[in-house]
């Protein structure tokens, strides 16, 4: 039986869940997984319902018919069918996250389909092409940055991309690009945010004698390294870990946090909540 | 506003959630937290809904009126009001879990109220009494075991106990006692189950050179150490940890796992699922 | 057999370990645990040797006789006998760390002996006194801060204190006090440093949607929250954790990190390394 | 400057460290990393010393000259030069560990060099060959098992293999093969040992409602799944993880535990200690 997902957010009010479940029941859709979070502090409801249908899912029709329910409650909502989201992965020279994402994609556990790899350096072309993925080299300098970002947005449009994954892409995106990709670009930050922002985080961590290194996957926003956090992971280290070894250990945390964030996003398990996120695992 | 919780289990069928939410809406109860898990493999639905009411909650009336809904779907259900569950804590000589439970109870984060402490040894009387708790010494030998267990059940009845917490109680309960406490007795096992069952788990762990020690909180069942798992915790160790030091580290894992299991049970977040559990955190 | 510990730091040079082990051998001291870390980047050697003696240990004589070895290599060193370090614990209103430290002290796993509890609030007097500990109330306002700090230093001197433990003491120490306690005062910071410094860290963490909360035990330095890190711990959380619940979970991390830091310090397992630490577990 | 490592085990006696450090000093070798563990319970000393030399290291000569020191103390010892150990990786159909090992090998963080991949199935040939590695398909049935194991030992000899890595090789090795590879074959067990031995561990784990899944890297011994543990890792799961999803999460733990075990072995950081291990990280 085909499956779909409904996600929605609205201000708390009595009757919301009843309205949603009635709608699904009337349309012959069986709930198979239901998550709901009521943030009483901010009086906001977050809901994700996965359902099974007897026939082919017609997402546009569902969305049109649900609109009248949604209007009554002031809901922001979306229906999602079974097609896997299409991913554009951006890299620079570090390949550990790309390698990890490719393996999970092929094993069928990534949640989405990688459509192409884009990089400002040519180094990882062999890794992408060995996996049968198109690799587009888009160099970016101070002089060509605007052009390079335009090219990226063109690739996003042409390849019908749902999610841009910054898998250790070592260039800062312009505010404009961040805004145009809002909610559909995930970055992996190579340290445990909000600590050790900026350059050389593992050198900073070493200088303080940290005992745990981590990584943070977050949505991209114009405020560098300040986007809503989706997932974090840490691994224990000790004084014997010089910055290079800290970085090697940190890469394991980066792979774990990024791949989970991508999968949850692709399965529509991440709902934005201002500067925060609600994750329905 | 007073709050309550509804928990239920039943076979999956269309319309369940709709029926529940309609009932709550009609009774003027606002959903403030809703969790639902559909085990598609075993075709069973688990549901927990916390709600707020405008008036005093009348649990018996709610249960009586909900019975007609429940009958139609073959639900097993319960409504819970705001009174905190009453706990009887059983100990022997190790005091770390009792000390931890007492602190959390006083800080208001345990979820339940400790009513009394029962022990087969007198050692922890001062700890219990310093906290203002009655301490009942019920010695138990091979000859007096049946009598001691009868005394325990009497204390459970007299003190109106909702949950028995075996906080490193070092005696095996009889099958009969296990059955009569089914679903309302939690044990902390001093190792990471199912590994290292039986005596001296830390010596067994040491002999194998384990790199992580753990603890497992589970419901008590006649099958020793085989009850449904509620929570587990692990802490990293190394070869320098002789059995005694492993045990000391393991005690930290025991306190964390047991207190979480108790809190989740008291908040009606744990639903039994055969030999397993569903936890709605 | 009595046991002792030698700790030392010096610039790397050939022959250091040979000189140390020869000295111990000549004095009839058997090495029972030896740790050594050579920071090749900063060309510094850190060494901790625990040894067993046939007779009573005479620490002052050992230190005097070792001085000639130490001079040749420019070592900073100390011999430690079997007496447990004496601790002064400072608290305000939160009792979870004090409760945890008291339990470990009585169980014999804290590493040191708590001599007294000092607080700027009277709230925790019952907890201290129930454990048989003197409790000294030293109120501190803007006007009386200098006086209060003088009183604290007096208590440190009178009670022959080796280590001051700030167990959620909610007052900022003056730079002068920090300097006079350098290397012998440990603070627990109620978040995962260097993230979320300053006030209300759990509110900051909630606003960003963090998925792990942590705690950091560090030596006190005039740079607030910037002292050398001794231990860190994290616990997984989710979007359902409002700031209050984050704080409750964070308290578990605080107890674990602080008690480990105190034990390692008391066992002479922590060597300062500029703004960092070397931990010989 | 070239570097080497000395590892040794012997019964505890005064003067061991002094003898070792004197030997190194006399041979112009500077200690750059020194670990030592004295198991007072079993009265055994474990020691690992990494050193730097001014000239090319002559391992055979060092071993010959050290023999007289070793004889006096009854030491078991080995000197190791700078050549990276050569690895033979055995797989069946699951590729996650192979993919992970290949990536780390190419990134230079695996500790050893992969020489070839051997499998009882042809499925992973493309992955191996894409990395430029020879892939040898050695089918093994009940009838051909002896022959297949002989072929494996031949490959070990011909390719001068130092370590065999069973990266989810799904065939049980014969006792004879286990014995002939003792101390130089590492297996990854797809669960947290000693729990859930045997077939379908993730189904067993699911049935008990485990809250953490793990993996265990251990040396191969004739006692199936009972070899000395080198490393373990766990990852938190919940009731929503059906066996397939448990397995997917477990694979992350497997990659982490296996790659660490391989690196530590290759860096001569793992010393066997009966059924246990000493790890000098």
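Each chain carries a letter (A, B, C and D) given by its place in the written order, and its residues are counted from 1.
Following the convention adopted for this analysis, a residue touches a chain if its C-beta (ideal position, glycine included) is under 8 Å from a C-beta of that chain, and two chains touch if they have at least 3 such contacts.
Remember, it's a predicted structure, so these values are computed and weren't measured experimentally.
Trainee: Among the listed pairs A-C, A-D or A-B, choose the one whose interface is a repeat of C-D, with over half of the contact pairs the same by residue number.
Mentor: Having compared contact pairs by residue number, the answer is A-B.
Trainee: Please indicate which chain is farthest from subunit B, where distance is taken between mean Cα coordinates of the chains.
Mentor: The most remote chain is D.
Trainee: Please work out which of B-D and B-C is bridged by more C-beta pairs in contact, and write that pair.
Mentor: Of the two interfaces, B-D and B-C, more C-beta pairs touch across B-D.
Trainee: Quick one: subunit B and subunit D, Cα centre-to-centre, how many Å?
Mentor: 41
Trainee: Using CA atom averages as chain centres, what separation in Å is found between subunit B and subunit C?
Mentor: 36
Trainee: Among all residues of subunit D, which ones touch two or more of the remaining chains?
Mentor: In subunit D, 33, 37, 238, 240 touch at least two other chains.
Trainee: So what shape is it, when you link every pair of chains that touch: line, ring, star, complete or other?
Mentor: complete
Trainee: Taking the complex as given, what residues does subunit D use to touch subunit A?
Mentor: 33, 95-96, 99-100, 103, 107, 109, 130, 238, 240, 248, 252, 256, 281
Trainee: Over in the complex, which subunit C residues touch subunit A? Could you list them?
Mentor: For subunit C paired with subunit A, touching residues are 37, 39, 41, 192-196, 206-212, 214, 226, 228-234, 238-240, 242, 273-279.
Trainee: Which bits of subunit D are touching subunit C when the two form their complex?
Mentor: 12, 14-18, 21-22, 24-25, 30-38, 40, 236
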